[in-house]
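In the two assemblies presented below, subunit A is common to both, partnered first by subunit B and then by subunit C.
Take a look at the complex of A and B:
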């Protein structure tokens, strides 16, 4: 009987459209309005960004103003500043290569084949090391470019990679300490995690960048960039630790008891039994945190770094280009969007895959 | 070494070592900061809080001047943060409600619009958005060529709104009474302890409250208004600048707008999640009982969805209040910016970092305890919440 019914009822595309968009006159009106709004937005963007836009790189304010649309000549003139910041002009190919290395590292770690601790850490260590060597130089005949000259997209990606590379082990450590059976250790770690989580990221960045040199013995102060990465990693770790802990709570108690009964030690229980399952439980939330962290790298602008957003501000900051801020932010927003959207889609894909 | 084989001793030693290491790090930090401060002729104490600051705040709700002491600046900073936070959260909740309803609508056109909104504003860093809106606000026409819109003048120096020509103290009292009236009204209408009151009596009380409030408000406006002048002034262009009316500064409305737009995308997702958490059975049971679409929505789905949303909403609110610290990029003097400027001006680093941490702990704790109160008050009484 059921098979008969399901065989009879097969909604056609038209029926679906009718049900979802034109069920009654109110629904039809709403659909029309929504499509009018969407169409209007898309049309005005196309009109502004393509049809009336000025693409010639020699065009300035007057030509762009006459055309009435976007002035993409600012991107043609200033894309190097936006993407590379103050990096020396002749060496900018290194900056591009470094960016591709990071993208490749992220892409590789999206394949389940590499999802073992050893492979993942190997990929990220190799990625970060080769990024560093190519950017900084001083070996293999590459000229030395100090960290102060790094900028633009490459710096954004470096901060992200650094944050993840330091933050991930720290997060696992914090999660384990927080989950410890020893009451003092778990309470104290809990206080640390909660304090970091209750503070805004910018205040932690500010403290590490400008205040910490004051509080550390001179030999530990180090470069400002690395202090900021440490701050960002600490913040990332506090959030990620709670996510991992959530994943650990989702692992049935029987698993740990069985492992104990088999005579596995603490280290083996954690690395072989608990963590793999905890990671699987927490994966969607963890990827979400990576996405948030990528977006939050833009906050280092405030403590005076020349990353993607700050270079964008500089690109239109001169009097000549002062009018073309929309184009610059459009360009930068598109870059952030590409990274963030791809990562979050990947997270959604994993979530769906794991649900099945 | 043999001692360490004893499990009990080992546990004690481990915990002691952990705490000692952390304490050592902390104490080293404090001592070396103290040494550094001593080298600059500063000492670790809170007496500087009563010294005059010597610099001006760009925006403040409370009256401030450069001769005011630090503690007053900190209080003003907290008030500014709360002010921006409340406006931003209210806006974000409003936007989020609309977006969330669009996302769960049976109409797929509205759903598409909601999805585009969420994906667009969630996937661009909030600071980029703030910079963009701020740049946009600063590129509006100058006051001389201001855009006129319903009695308001929009220019790059801010939005000039028609304002009431009433002294500051009285206007504050006016808004205070207005808020008190609405809160009292909502409390009276919804609180359980007034449920048993006879409906006719209830109506009388509501009318009485409204008339009282109206009388007080009129009186306040009348006393506060300078004699012989009009009550409402409209902004007008006089010479190079705008006179009259009330100016909303660029950074204030840009930030409130940015937070509302950005937070709205996240809250929209929470609203959608809340509605999706309401079981299909509830919906079907309501239809089977013959409830109309509106009744089913307002009596069944909305109350259940609200309860599912509240805990997540709390986290989101805490997070959005923390995001107001980004106001520093637009030069908005919030709590964080006051602290940052105070550190550069006074050099009392450690104390200010302590105050910063304490301040945010208090703010976050207050939000979560208020939200938990609400959560408890609306939780289904007597039985488990079934989802």
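Take a look at the complex of A and C:
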């Protein structure tokens, strides 16, 4: 059997580069300019962040100013404040364990093997319970650490996971209610969703954290942290509901009619026909909303929580380190990036998987 | 009482600002003693010198020290304090709703806070002034020489108004650059975007002391405005205000009499005057009128310190900021602070 000569032809890397970036003098010029700008930026970051940087943990601002570059000494000295906030120093291993538990729980529920209602709920029940026990303590010989002392990464993750766990089912419910054939229900749901969406998240958080305690009877007030998570979940659900509804509208009407003709009930139609396809349609926008929500957890500082960004402010907010805020923001940005990047890569994986 | 306040707030329909926070005589002390901890405000982040977080995640700073002093007076130990991190905007509703027992958060006494918000103030524990820093190379002797210059000011803060009215008064014109974020504001000044930088005094002094080259900047002698920082409590509970005021007064009295945490035991064994003896609980009468034990003032001095000790740890020579007492010194050292008389 002979192979075609054209099939044996393999362009070298250099040929590809030439074809893609230097096809004619105009594209060559543009490419050169872009590479120069990019190279300049990368170089100045490397120069600042590595070549001229100070890494020694004993260095203070005189050494750092002398070297001229980044002062990573602040991270060496203050990383525990950034990651754990006000969590008691001797108990901080619990905070890091709790972070691992959340990450592991999320990772497990990303595998398609676990995608049944029973398995998923089991994982999350175990994950959430062990997170809570380890963070709060008060049992098994762990000392009690109340919610106000939680801080840093563990608190950010807790708020994000809590928001998604409450917000996602709520979003599906709102989307279905809004699509209801009974005009009263769909109109009322529409008004609720639009009201929440027309308010800024900050004002919702502020209301739930500070105004609600004046209005509710004492027994319903609860811990401020859970009120804030509820507020954030409501906000998340209002947006996600519209995204899911958009996905549902993308499913051709004939499918639901066909399912009806086959004698499938409402529950079956929704869970077997409509929702899976709606999720598939809406996936990129949904992942986008997850990412936004993760970033927006930093807004809870306004009602006085020591989440990642507030702990970062506290880390450089002392006379010794006040000059090195850029380094702290870099460090925090790297943490946010790690989580958000993983999230969006996972979204891309899901899209590929569903495309088949 | 809490229920009444809630229904009041609801019926007015304005849950936050207008629901005047009334407390009953003796209510706060009883609540704090039952709870076993004193709730004070912290920051979501830090406020240099007043409330900041050390390497181990513990709070420090002069506001925190005062909170610990009150906790020691009421509950017997500085550790019986819970610092609730709350934002600036949140401090009033938090005090009204009883989340915190006292606001010690670099907050000045103002007319609206006293009347409309329904609070009352302690004596001033710190006198904050608005001042202006300039690049030394400009060789200014005062703001008057800076006519036509550019000034960096925090956006939306009271400094904006103070600078413009001061400039009018001394008849110069300044071009203002208003920036909200403190780090951004300071880099604008240090990078030479502005000739001058107006800010609340302590923040200005701290900023200069931790800058790249402190000697390249001078803080001009002009005082644009004065803000007395006070401890703020709910109106109606005079006993609680008395406790707060006397805690501060005792710390100032101890400084005036040369009593500090190290020599307080010797002073108690051998009190130099009748007043000192009474203050330290050698003779009875210090605690009962306030609803406290007779040795509360001794505990405050022993476990927290006198005023000069807490100032020194937080802002003064033992801190990275090395600030002078300035106006915040005792009356006999050129300042405006004074203790009340123990009789």
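Keep this in mind: the second predicted complex is superposed on the first by the 323 of 356 C-alpha atoms of A that agree within 3 Å, B and C clash if a C-alpha of one lies under 4 Å from a C-alpha of the other, contacts with A are read in each partner's own complex, and residues count from 1 in each chain.
Note that in this section a residue touches a chain if its C-beta (ideal position, glycine included) is under 8 Å from a C-beta of that chain, and two chains touch if they have at least 3 such contacts.
Since this is a predicted model, take the numbers as computed values, not measurements.
Novice: Superposed on subunit A, are subunit B and subunit C clashing or fitting side by side?
Specialist: Once both complexes are aligned on subunit A, subunit B and subunit C clash.
Novice: With the two complexes superposed on chain A, say which partner A:38 touches: subunit B (first), subunit C (second), both, or neither.
Specialist: First partner only, subunit B.
Novice: Using the superposition on chain A described above, determine whether A:232 touches subunit B (first), subunit C (second), both, or neither.
Specialist: neither
Novice: Now for A:320: first (subunit B), second (subunit C), both, or neither, which partner does it touch?
Specialist: second
Novice: Of the partners subunit B and subunit C, which touch A:344 in the superposed model: first, second, both, neither?
Specialist: first
Novice: More residues of subunit A in touch with subunit C or with subunit B?
Specialist: Of subunit B and subunit C, the partner in contact with more residues of subunit A is B.
Novice: Check whether A:148 is in contact with subunit B, with subunit C, with both or with neither, and answer first, second, both or neither.
Specialist: Only subunit C is touched by A:148; subunit B is not.
Novice: Regarding the shared-chain residue A:200, is it in contact with subunit B (first), subunit C (second), both, or neither?
Specialist: So A:200 only meets subunit B here.
Novice: Contact-wise, after the overlay, does A:211 reach subunit B, subunit C, both or neither (first, second, both, neither)?
Specialist: both
Novice: When the two structures are overlaid on chain A, which partner does A:301 contact: first (subunit B), second (subunit C), both, or neither?
Specialist: A:301 contacts both subunit B and subunit C.
Novice: Where along subunit B is the clash with subunit C: 6-14, 78-86 or 132-140?
Specialist: That would be 132-140, the one stretch with clashes.
Novice: Which parts of subunit A are touched by subunit B and by subunit C alike?
Specialist: 206, 210-211, 214-215, 301-302, 313, 323, 325
Novice: Which residues, counting only subunit A, touch subunit C once they are in their complex?
Specialist: 61, 65, 77-78, 80-81, 84-89, 148, 151, 206, 209-211, 213-215, 218, 301-306, 310, 313-315, 317-320, 322-323, 325
Novice: Along subunit C, where are the residues that touch subunit A in the complex?
Specialist: 2-3, 5-6, 9-10, 15-16, 19, 43-49, 52-59, 82-87, 89-90, 93-94, 97, 183, 206-207, 209-212, 319-321
Novice: Of all residues in subunit B, which touch subunit A in the complex?
Specialist: Residues 11, 14-15, 18-19, 22, 28-30, 32-33, 36-37, 105-110, 112-113, 116, 119-120, 122-128, 131-132, 135-136, 139, 318, 322-323, 325-326, 328-329, 336, 339-340, 343, 349-350, 353, 356-357, 360-361, 364-365 of subunit B touch subunit A in their complex.
Novice: Can you list the residues on subunit A that touch subunit B in the complex?
Specialist: Touching subunit B from subunit A are residues 20-21, 23, 27, 30-35, 37-38, 177, 182-185, 188, 192, 195, 198-203, 206-207, 210-211, 214-217, 295-296, 298-299, 301-302, 309, 313, 323, 325-326, 329, 332-333, 336-337, 340-341, 344.
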